[in-house]
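Which chain is which? They are A, B and C, in the order written, and residues in each are numbered from 1.
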Amino acid sequence: MPIISLKNVTHTYSEGTPLSVSAIKNINLDIEAGELVGIIGHTGSGKSTLIQHLNGLLKPNEGSVEIDGENIWADKKKIRSVRFKVGLCFQYPEYQLFEETVYKDIAFGPKNMGMNEAQIKESVLRAARYVGLKPELINKSPFDLSGGEKRRAAIAGVMAMNPKILILDEPTAGLDPKGRQEILAMIKDYKKKTGSTVLLVSHSMEDVASVATKILVMNKGEVAMYDTVPNVFSKADELEKIGLNVPQITRIFIGLREKGLDVETDVYTVAEGCRRLLSLSKGGNC
Amino acid sequence: MGKIIEFENVSFRYEADEEGQQLPLAVKNISLGIEEGSFVAVLGHNGSGKSTFAKLTNAINIPESGKVTVNGLDTADENNTDEIRRTVGMVFQNPDNQIVATIVEDDVAFGPENLGVEPKEIRRRVDDALKAVNMYDFRNSEPYKLSGGQKQRVAIAGVIAMQTRCIVLDEPTAMLDPNGRKEVLATIKRLNKERGITVVLVTHFMDEAVQADRVVVIDNGEVYADGTPREVFSKADELIAVGLDVPQATQLAKALKAQGVDIRTDILNEEECIQAVMKLLKE
Amino acid sequence: MVRDITIGQYYPGKSLLHKMDPRVKIVLTLLFIVVIFLCKNFWSLGLMAAFLFGGICISGVPVKMLLKSLKAILLIVFITALLNLFYATGGKTLLDLGFAKITDKGVYTAIFMTVRISCLITGSSLMTYTTTPTMLTDAIERLLSPLKVFHIQVHTLAMMMTLALRFIPTLIEEIDKIMNAQKARGADLESGNIIDRAKALVPILVPLFVSSFRRAYELAFAMECRCYTGGNNRTRMKQMKLSLLDLGFVFGAVILLAGVILLNRFFAHLI
């Protein structure tokens, strides 16, 4: 049984007014537990609308959202409990920090869940470990942290709710290459340690390719592709047609194929590219 | 051509924090000149001192020691400040926090208005600047309805309308999506080519730096590397060591070379890489 | 979506009212309000209403939108009418409720007051419908500029108004984002007593203040970089020039004023 199941989900903003904008249309999607799904698409492709449906921040105009086999809107009063099961961390999450100490801020979610002190402490410290926050920072004011540390503290605030599904919207936005690598490695590590399902929204195909097990491509409010990483990249030319930025290494292989070379385009890491080219020259194709 | 901005042994540190502890130098002993009409990328990771460097160019930051001159004028002399900011315009990271007016064209007019330019001349400059960044059709729009890339282009138009000879952009694309980044980069490249405006682009995206005439890598407040993109990016390992990226095309060439393949390693973009690989396979 | 919000209530158009110099528009609107209070009977008030109706026709602003602005003050209109209905003295008694009497004068006064307030609100909203907030702040700055003599920082005030207008949509968007982020962490904003609800605002207000200060700081830098040094020696791209059109409107206003005075004299006063 899939952990997330969307059936005919449609959402229209300002419905019934002349300003109505259809954000997602008739989405059917099943995501299995334990996947690390990269969600890719332009601004306005419906990515953000989609993920806000998964934790009940938005209600579909049509269709149903099922988490763990249960329709999350079956009982409106229980919608808050869905948010603990499906942790959603927004873009630039450091702008949500508000408490006096990092500890208290991370504890905000667990407290809202009604955990007792001992459970809260355990969750907070565990989340801080997941994101690699140094123990001496825990009792500092979140506003005294560096940019990267703030980002980590904010992500820990969502992880501390021990969600079965963790959704991260552009967790690497605004970070430099090293910071990006660290956050991605942290997410991969979190998934390995907890076994939870992780959804990662990103503009960067490189980022997604390096960590995800599956890729969901959104285009104009619809699911354009949902498949394993190699399968999605084998249609790299289609991705380019949608106007998505495929990694440079993939573009090189698209270019080589256009020059008449017999290569596949499902290459998305430099190491893989190197291996393919070497086997090509050894295979005596030239 | 002459140098429009010159740094001579410049060091700078921010004011002490609340406990009165002296902060370390953010910029250490930098000496370099920016040629008029060039497109220079300043590359560095977050906290490397590259933003501090940018703010030294137009008298927001004044050197602790050493000297910064813009068009021969010392930035430390307050009497020069207006003239310096008229010469070197600045565009910041967050597009929202630099637009002051509720209508696009009013915002572009803000700079010239501050300079006391004649109303008719302002109108002419505003129209010209908006056309230069392809935002003329949006002149009567409200800024909050624009995309991030469009807002940044409005901010750039605001600088052009002041007829600055040099634009310093402090991570203008860090908060934009890929399309916004492309728009902004295409705009500044065009301004540099067509109008000869000197561009200093502070960034941590190597794919943007690749397109410049010259790349200055700043690490730990010091100039770590300085040269053409080809020279700088061929030192891939060193760049990665200071927390930066190199183009995948360059990485691929390096990886092939390490496997004993005879390929040039000063490759910058995919076209060059494709050519090199094709050549290799033909031989 | 937040993108749909509009600040003020400008209705885009190219009518004569839209083209009128905003300074003249503000002065005439103020004059209109004063004259409305000079009206003493239905004849003069009727003249005002007729002019207003003419203005609405010229402006091209849909009557529906003007009615919407009336809806907001419906309660005030209703209470005023009710008070006048019962408190007006004299005239023929129409209905005796024992504790209060309704007289024909009361009925007339109630109707008069309702029409007067409606004209007042419609007249001033007609101005805001045909003038952008930016033009309004500009016009106010220029109208108040003589106050500089008294060392009042008119330019600074106007700049503050402009920046407020500029940042209101940005802040609304920001509040929306922060609320969603905290809701995703299980924040409960909808239930509990007043104290609980006030407490629930802390996770929203603190980040909002922090980011507003950051914005203000960055904005100040950006303005400095664009050579902003306050109002001195500044020029403006958009000049406000009085045109024949404005003269025409002023002329019309004078006729209206004369008409009201005449009608007040020749017909019996109601109040």
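The definition used in the following text is that a residue touches a chain if its C-beta (ideal position, glycine included) is under 8 Å from a C-beta of that chain, and two chains touch if they have at least 3 such contacts.
It should be emphasised that the depicted structure is a prediction, and the values quoted were computed from it without experimental measurement.
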Overall pattern in which the protein chains touch one another (line/ring/star/complete/other): complete
Between A-C and B-C, the pair with more C-beta contacts: B-C
Computed distance of Cα centres, chain B from chain A, in Å: 30
Chain B-chain C separation of Cα centroids, rounded to whole Å: 44
Distance from chain C to chain A - Cα centre to Cα centre, in angstrom: 46
Contact set on chain C toward chain A in their complex: 1, 4, 174, 177-178, 180-188, 202-204, 206-207, 210-211
Residue ranges of chain B in contact with chain C within the complex: 58, 60, 82, 85-86, 89-90, 92, 94, 96-103, 105-106, 109-119, 122-123, 126, 142-145, 158-159, 162
Contact footprint of chain C on chain A as seen in their complex: 13-14, 19, 21, 52, 55, 57, 80, 83-84, 87-90, 93, 95-98, 108-109, 112-113, 143, 157-158, 161
Complex contacts: residues of chain A adjacent to chain B: 42-43, 146-148, 173-179, 203-204, 243-245, 247-249, 251-252, 255-256, 259, 261, 270-271, 273-274, 277-278, 280-281, 285-286
List of chain B residues in touch with chain A within their complex: 45-47, 147, 174-175, 177-180, 204, 206-207, 243-245, 247-249, 251-252, 255-256, 259, 261, 269-271, 273-274, 277-278, 280-283
